[in-house]
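First subunit A sits with subunit B, and in the next complex the same chain sits with subunit C.
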Partner chain A sequence: MKFDTIIIGGGLSGLISAIECARAGRKTAIVSAGQSALHFWSGSFELLGNVDGKAVIDNPLDLVPSLPAPHPYRKIGAERLRKLLSRVPEILKEAGLKSYGTLDRNHLRLTPLGFMKPAWLTLGDYVAVDADKPLPWKKVAIVNIYSYLDFYPRFLAHGLENRGVKCSMAAVNIPELNVLRKSTTEMRATNMSRFFTDEAVDHLAAEVNKVAGDADAVIMPAVLGIYSDAPVERFRKAVKMPVWFVPTTPASVPGVRCQLSLRDLFIRLGGEFLPGDTVKGGEFEGNRLKRIFTVNLGDMPLEADDFIISTGSFFGHGLIADIERIYEPVFGLDLNVKGGRTEWYEKDFYASQPYMTYGVITDDKFHPYKNGEEIENLYATGALLAGFNALKEGSGAGITLATALHAASCITE
Partner chain B sequence: MKDDTLRKEYDVIVIGGGATGAGTARDCAMRGLKTILIERLDFTAGATGRNHGLLHSGARYAHTDPESAAECIKENMILKRIAHHCIEETGGLFVSLPEDGLDYHAAFVEDCRKAGISAEELDPKEALRLEPSVNPDIIGAVKVPDGSVDPFRLTTANVMAAKMNGADVLTYQEVVGFLKEGTAITGVKLRSRRDGTEREIRGKVTINAAGIWGHRLAELAGVKLNMYPAKGSLLIFGHRINRMVLNRCRKPGDADILVPGDTICVIGTTSTRIPYDQIDNMEVTPEEVDLLLREGVKLSPAMAWTRILRAYAGVRPLVASDDDPTGRSISRGIVCIDHAKRDGLEGFITITGGKLMTYRLMAEEATDMACQKLGVNKECHTAEIPLPGSEDTAEDKKRRSHIIELSTEQKAAEDRHGTLTGKIVSDDDAADALVCECEQVSVGEVNYAIEELNVHNLVNLRRRTRLGMGTCQGELCACRGAGLLERHDKCTQRSLDDLASFLDERWHGMYPVCWGETLVEIQFTSWLYEGVCGLDPSEVNVSDNPTQH
Partner chain C sequence: MMTLQQQNISDNNFESCIKCTICTVYCPVTAVNPDYPGPKQAGPDGERYRLKKPLYYDEALKYCLNCKRCEVACPNDVRIGDIIQSARIKYGRHRPSLRDSMLADTDTVGTMASAFAPIVNFTLGLKPVKLLMDTFLGIDDHRTFPKYSSLKFESWYKKNAAEEQEKFDRKVAYFHGCYVNYNYPQLGMDFIKVFNAIGIGVMLLDKEKCCGVAKIANRCVKDATRDAEINLKSIREAVGNGMDVMLTSSTCCFTIRDEYSHVLKLENSDVRDHISLATRELFRLVDEGKVKLVFRKDFHKRVAYHVPCHMEKLGWGIYSSSLMKMIPGLDLVRLDPHCCGIAGTYGFKKEYYNYSQAIGEPLFRQLLESNLDSVATDCETCKWQIEMSTGLTVENPISLIAQALDIEATRAANKAGI
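Here is the complex of A and B:
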C-alpha cells in the first residue's frame, strides 16, 4: 500500500500532524498500537507552566529563548511557535471540542487533588480560572457519584477553601448505575459515562439539584460525555447553577473523547486509521525511509514519501529500557541516553528524573538520526523527542502539538 | 486509642512490633499479665517485614546447625496448626546443579532425618514434573516440608490476639529513655513519631524485643549488647514463577532460595555486614541486583524474562555470644538475656537472635522469664490456641469452599484475614467496590483495616491488606486509599503528605530495578500524580526516609 504520508503512533501528536496532512490533500495513514497518553488526559493542555521551579503565568513564549539549547521550543523559535500553536483551538473546534485559553497568558486549572496548576488551553466545561483574581465563586457544591472512588471531594474542598471558597459536599446516585455497581471494578469514569445518556442525565441533574443548595456553582467529576458533549449540554441546562468538571484518575473521559473526536476528524478528512497494529521496522535507501512493515500486514509493506514517528516515551513504548540499554524499538534511532541503568534515575521520586529527558535526537527540522546519519523524509515528534523534562516544565502538550504541527507544515508546504 | 495507658502500671512493657514483640505481647497477655506493646514505627517495619517469607522446614540448617533445624521443624508444625491463614503449604525442593555436585546432597538427606525433617529424595525428572519452573539441568532433588508464611499477617494476628487478651498497643511511639529506680528499670519514656509529644509508661518488667534496634535500646538502658547488623537483599517478581519453594542444595549462600507467596515470588538473599549507623538506610545496590539475578536464574531460568516488581533489604540481628566481647562467635540461635543476672539491672529482659520461624518460641522464653520475675506461675498455651483468623482448621476451610462459591475478591480477603473476614462489612455494593485491583482489596476491607488494625497511613494499610503491593505498585490505588484514609483521619494536608510519601516509598523499592515495565509503570505514576493531579513536592511534606514508616 502506498501513501503520501504515514504516521506511526495515534496519540495526540500523531493525530494532529495526520489531520493537517490530510487537510492539505495528502493521502495519509496512521498506524496506531493502542491507547496513548490522551487516555489519562487532564482536560487541559500545558504550554510552559514552570521554569526554574516557578509557575509561569504571563507570556510563556517569551521564556523560550531561556530554555536549554536542544529544547524543541528553541528549535522552532517563539515566533513560529505562536503561529503554529494558534491553530490548535481551531482544530479542536473542528473536532467538536470547545476550549478556553490564550498563548499570552496561562490560566490555572483545578487538579483532582485540589491544586491549581498553570495551563494554556482547557476544555470548555472544566475549571479554568485567572491566576491573579479571586475564584469566581463564594460557595460551591462538590458533588460526587455515590461509591465512585476516583474523585476526591475533600481534597478539592481543601484546595478551594484555602482560596476562600466555601464548600459543601454530597454524593448522589441514580438507579441506572446500580447495575454497574454490581461488579466491583466497573464504577470507573469511562464506564459510567456510557450510562449517562438521555433520561439518565435528567435523573442525575435532578439529584444534583436536590443537594446543591444555594451554591454558586457545582463541581463534579468528569464522567459525562465520552462520545460527544450532548449529555454535558443537556446536564448543564437541567442543573440550576453552572456546572464545572474536574478530571478524574484514569481512564479519563475528556481524554477518550478528545482522542475519538480527533480520530473522527482525521477520518472525515479522508485519512486512513489503522488501529491495533504495531510497526516492526522499515527499509531504508540511502538517507530515506522507503517502506515500513507491521505485525498485522506481515510482509506487505506500507510505502510513503514522508513518515512521522510519534510513538511516545517509555509508557507509550516509543522507548524501551532493558537491564543494559535504552533503545528506540521501531528503527533503532539515535538517542541522547548516556551511561548505564544507575544513571537513568534519581533516588528522590520528586527530583527531575534523567529518564524523563531521554528520547530521539534530531536536527532543527526534527529529522532523527540512525547511526549518525540523518533520515531526511522522517520526522520525530511529541514525547519521543529528547532534551526536556515535560513533567517538570509543564510543557508536554505544547511540545507534542508544536512539533506535530511543525512536521506537518514541513511536509505540506 | 483510649488513653489510660498513663495511669496504668503494667506488668510487662514489650518493645518492638515485629513478630517477636507481637508474639511476646500475645503470650504475656494470654498468661494474664497486664501488657503493653510499643513500636516506634509500624508493626513489621523492621526485619519481620523484610525477609523471604519462608516457612522453613529446618532443612536449610540441617547440615550447619542441627539445633536450629530441630527448632524450625517443630515450630513449622505448630504454625501450620495455629496460623494456617498466614501460611501456604507449598512444599519445597532442595536441588543440586551440576556445579554443586552431589556430595552435599548425600549428607543433607541424612542430616534432615536426624533433625526430624521429612526429606524425600526425588529423581530429577520427577522433580521437574512437580515443579516445572526448576532448572532442567538439575542432577538431584530432595522434597522437604518448606512453605511460605506472610509475616505481615502473622504479626497482625499476634497483635490482635494480644489485644483480645487485654493488652494495649501503641505504634509510632519511640522509646527515648528508661525510668529507673535504684538498679531497676521501672518504665519507659516515649516520644510520639507523629506529633512529638512525650509520655512515660510504668511497668514492672520491660522486654526488649526490638531486633537489631535492641542494641541501641540496651545502650539507653545502660547495658551492653553486642549486635552485628547483616544486610540481606531480595527481589520480588511480578507473579509466581514457581509453585514450591526452591533451594540450592549446597552450603547456604547468596540468592539460593526462591519462595512463592501470595501473588508474587521472592529471590534472596545476599549477606553483607553493615555499620550499625546504617540500619535505618536499607538500600539495594546494583551489584546486589546483578548477583541475585545471576544466581537466581540458575534455580529457575524463567527469572531472566519475568518482570521484577521491586527490591528490598532487611537487617539480620546477629548477636555476639554473651561472654565474647569481640563479637567473633556469632550465634544464630535464640538469645534470651536476664539483665539482672548479667548486668545487675532488674526488670529488664532482652529477647533476640533467632529467626521469624522461631518467633513463638522466643516469645515463650521471654514470657517465662518475665513470669518468673513477677512470681506468676502460668503455663504457655501459644502453641495450642489458634491465632485470630485461624480458628477453623484448614479442612473446615476446604469443606466450606465446596459449599459457598466465593468471588475472587472474597477469596483474596479470606486468604488475608482467615476467619476474621466476617468482620469486613460487605452490606452493599459500595463496600464491595475494589480499591486495589491488582490485589483485590475492597472498600470494606480497607475500612476494616483502618478501624481495627492500627492503620494511620498508606504504608500501614499496605502491610495489612496488600494494597499497592501488586503490579501497578500503588499507581491507581494510592489515591483511592488516601481518599478513604482521609475520611477517617479528617486532616487533608496530612493525607496529601502521606500520599506523596507513599509514592516515594514505592519508588525506593523500584529504582534498583528500574528498567522494562518497572520504568514504564513509574513514568506513568509520575505523570498521573505530578502531572494530572498536580501533586507538587513544594506543596506537600514528603517523609525524609522512605524506609521509615
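Here is the complex of A and C:
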C-alpha cells in the first residue's frame, strides 16, 4: 500500500506532523503501537523551563544559543522555532482545544504536588498564573471527589499557603458516582469523567457550592470533560466562583482528550490511523527507506516517499535498554549511547542521568543515520532524539512539537 | 538468545503491564457497567492474585465482551483480552448453561434450523415464543434472531458452483463460516461471483466446523478445540494443495489466526499466514496490479463503514475501506471507532442485553444521523446488532463490491489470468 508520508508513532509528535502533512494534501498514515504517553499529560506544554538549574520565565527562546551544541533546539534555531511553534495553538484550536500562553514568556502551572513550574502553553481550564504577580486568589477551596485517591489536596494546600493563599479542603459526592465505587480499583479520573455529563454536572456543582464557602476560586482534580468541553462549561456556569483544574495521576483526562481530539482532526483531514500495530522493520534502497513491515499487515508492506519516526524514548519503547545494550528497535538507527551499562546512569537518583540524553543522532534536518549512513527520506522527531534532558530542562513538549513541525515543513514545502 | 527479561515473561505476558489504566479508558464495557472491574483489574492485575489462589477469581469477568479493544490500546503489548478469556475458562465456577451451550453450538442448531427454516424463522419471530425463551432460557425477548436459510450454502455450492470452479487455474479455499452456511448464503455467492470475475476459483474445505468463537466465549472449550482441530486439518490440506484460505467474516478469521493459539493453545503458526480475509486478498491483487476491477456506472450508494472490533484488532479495516473507496459510485462515510455491543452471543443473553445496547448507542446514533443507504461491516453479528438497533441495511464489503462490479467487463479485463 502506497502513501506519500508515513509516520511511525501515534503520540503528540506523530499526530502533529501527520496533521500538517495531511493538511498539505499528502496521503498520510500513522502506525501506532498502542496508545501514547499523551495519556500521562499534565495539561501543559513546556518549552524551556530550566537552564543551569534556574527557572526560565522571560524570552525562553533567547536562551537557545546557550544550549549544548547537539541540542535539537540549536539545530532548528530560535527564529525558526518561533515560526514553527506559533502554529501549535492554532492546531490545538482547530482540534477543539483552547490553550493559554505565549512564546515570549513562560507562565507558572500548578503541579499535582503543589509546586509552581514554568510552562509555555496550558489548556484553558488548568491553573496557570503569571510568574511575577501574586497569586490571583486570597482564599481557595480545594475540592476533591469523595474517596478519589489520585489527588492530593494537602500537598496543594501546602504549596499554595507558602504563597500566601488561604486554603480550605473538602470532598464531595454525588449519588451518580456511587455505582463506580462497587469496584474499588475503578475510582479513576477517566472513569469518573464519563459520569459527569448533563444533570450529574449540575449535581456536582451544587455540592461544590455547598462546601466552597467564601473562597475566591475552586481548585479541583481534572475529572471533567474527557470527550468534550461541554461538561466543563456547564460546571463552570453552575459553580458560583471560578473553577480551575489540576492534573491527576494517569490515565489523565486532558491527555485522553488531547489524544482523541488530535486523532480526530487528523482523520478529518483525510489521514489513515492504524491503531495497535507495530512496525517490525523496513527495506532500504541506497540511502532511502522504501517500505516498512508491520505485525498486523504481515507480508503487505507500506510504502511512502517520506517517513517520520516518532516512537518516543524508553517509556514509549522508541528506545529499548536490555542488560547489554540500548537500541532503537524499528530500524536499528545510530544512537549517542556511550560505554556500557555502568556508564548509563549516575548513582545519585536526582543527578542529571546520562541515559536521559540518549537517543537517535541526526543531521541538522533531523535525518537519522544507520550504520553511519544518513537516511535521506526519514526524519526522527520527539522524545526519540538525542541530545537533551527533557526532565532537567523542562523542554520535552517543545522539542516534541518543534521537531514534528520541522519535519512536516521539510516534507511539505 | 533469550534475554533475562524474556525468560521471565508468562504466556500472556501480564508482567509487561505497567498499570497505566489506558486499557480501561478504551473498554466499552467499563463505560456502561460499573460491575465490571475493567480490563486492567480483570486481566493482568487479577491474574497475579489468581496465580496465588484460584479463589480470587471474580465472576464479574463474565461481563468482558472479548472485543480486544484493550489490547489495541495497550502501549506495552499485554494480551489483556487473552488473559481474561483464559481466566474465565480456567477458573469459571459455573458450567455453561443449556442456553449458553445452545447459543454456542452454531453447527447443530444451524443444521436443525435450516432443515425447518420457514417454521423456525416464523416461530422465532413470534412474541409468545420470544417471551418463553426470555423466561426459560434467558435469551432477551427484544433480540431479533437472524433468519435461517432453507438452502445451506454448502448444498447450493455443490449443486450450482462446484463444477464451474474446477475450470480456474488459480484457486483459493473458502472458509464460509456458520452464518453464510445456515443464514445468509448470498454472501458466499457474492464472494464466488467477485473472485470468479477476477479469474480465481473458489473451493470449499474438505471439512468445515464452526470457527469456535461462540464456544470459546461460552467456555465450551473441549468442543471448540475439537472443531478447531478439524478446521486446522482441512486448512493444512488446502494450503498443502497450494490454496490460501479466504474468509468473509472478520471474527472467524481472527479466531482461527489468533484465538486458536492464544486461547485454545493449538499450534497454527504453519498455516496462519495463509489464512486471510477476502477483502485483504482482493486489495493486494489490485494494489499489485495483478487484477483490475471494472465498476458499473449505475451503482450509487451512500455507505458508512463500521470496523468490527476483531477487524480493528486484525488491523485490516484499511483493506475493506480502501476497496470501497475504489467504487466510483460509493460515497463512504467515516465513523468514530466504536463497538456495536453485541459481541456474538453476548447481546442475546437477557442479563447483558441492556449493556449491549448501551455500548452500541453512540454508534447507532451516528449511523442514524448520517443519511445512509446502507452500512458496511465485515462481521455478521455486528450486522444483526446494527440492523436490529437502527433499521438500516447492513452489508459485507464483498457484497457491495459484487453489486458494484461490472462482472462481464471485469472478467474480460482479467482474462489473461494472474
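Here is the rule we use: the second predicted complex is superposed on the first by the 413 of 413 C-alpha atoms of A that agree within 3 Å, B and C clash if a C-alpha of one lies under 4 Å from a C-alpha of the other, contacts with A are read in each partner's own complex, and residues count from 1 in each chain.
Here, contacts are C-beta pairs under 8 Å (C-beta built on N, C-alpha and C of every residue); 3 or more make two chains touch, one makes a residue touch a chain.
Source: prediction; values computed, not measured.
*Asks:* Decide which partner touches more residues of subunit A, taking subunit B and subunit C as the two options.
*Replies:* Of subunit B and subunit C, B contacts more residues of subunit A.
*Asks:* Who does A:344 touch here: subunit B (first), subunit C (second), both, or neither?
*Replies:* So A:344 only meets subunit B here.
*Asks:* Who does A:322 touch here: subunit B (first), subunit C (second), both, or neither?
*Replies:* In the superposition, A:322 touches subunit B and subunit C alike.
*Asks:* Examine A:82 and indicate which partner it touches, taking first as subunit B and second as subunit C; both and neither are also allowed.
*Replies:* Neither partner.
*Asks:* Tell me the contact category for A:155 with respect to subunit B and subunit C: first, second, both or neither.
*Replies:* Only subunit B; A:155 stays clear of subunit C.
*Asks:* Scan A:299 for contacts with subunit B and subunit C and give back first, second, both or neither.
*Replies:* So A:299 only meets subunit C here.
*Asks:* If you stack the two complexes on chain A, which partner ends up touching A:353: first (subunit B), second (subunit C), both, or neither?
*Replies:* first
*Asks:* Between subunit B and subunit C, whom does A:290 touch in the aligned arrangement: first, second, both, or neither?
*Replies:* Once the two structures are laid over each other on A, A:290 reaches no partner at all.
*Asks:* Let me test your reading of the model: by the given contact rule, A:272 touches which partner, first (subunit B), second (subunit C), both or neither?
*Replies:* The answer is second: A:272 touches subunit C but not subunit B.
*Asks:* So, does A:367 touch the first partner subunit B, the second partner subunit C, both, or neither?
*Replies:* neither
*Asks:* Using the superposition on A, tell me which residues of subunit A are in contact with subunit B and, in the other complex, with subunit C.
*Replies:* After superposing on chain A, subunit A residues 37, 40, 182, 185, 250, 317, 322-323 contact both subunit B and subunit C.
*Asks:* Considering only the defined contacts, which subunit A positions touch subunit B in the complex?
*Replies:* 37, 40-42, 53, 111-117, 146-147, 149-150, 152, 154-155, 157-158, 178, 181-182, 184-185, 187, 247, 249-250, 252, 313-315, 317, 320-323, 341-342, 344-345, 347-350, 353, 355-356, 391, 396
*Asks:* Could you list, by residue number, the parts of subunit C that touch subunit A in their complex?
*Replies:* 3-5, 20-22, 24-26, 30-31, 34-38, 40-41, 45, 60, 71-77, 273, 280, 283-284, 287, 312-316, 318, 322, 334, 336-337
*Asks:* For subunit B, which residues count as touching subunit A in their complex?
*Replies:* 286, 293, 407, 409, 429-430, 432-435, 437, 442-443, 476, 479-480, 482-484, 486-487, 492-493, 495-496, 499-500, 503-504, 507-508, 511, 514-516, 519-520, 523-524, 526-528, 530-539, 542
*Asks:* Touching subunit C in the complex: which residues of subunit A?
*Replies:* Touching subunit C: residues 1-2, 33-37, 39-40, 179-180, 182-183, 185-186, 188, 190-191, 194, 250-251, 256, 264, 267, 272, 274-278, 294-300, 316-317, 322-323 of subunit A.
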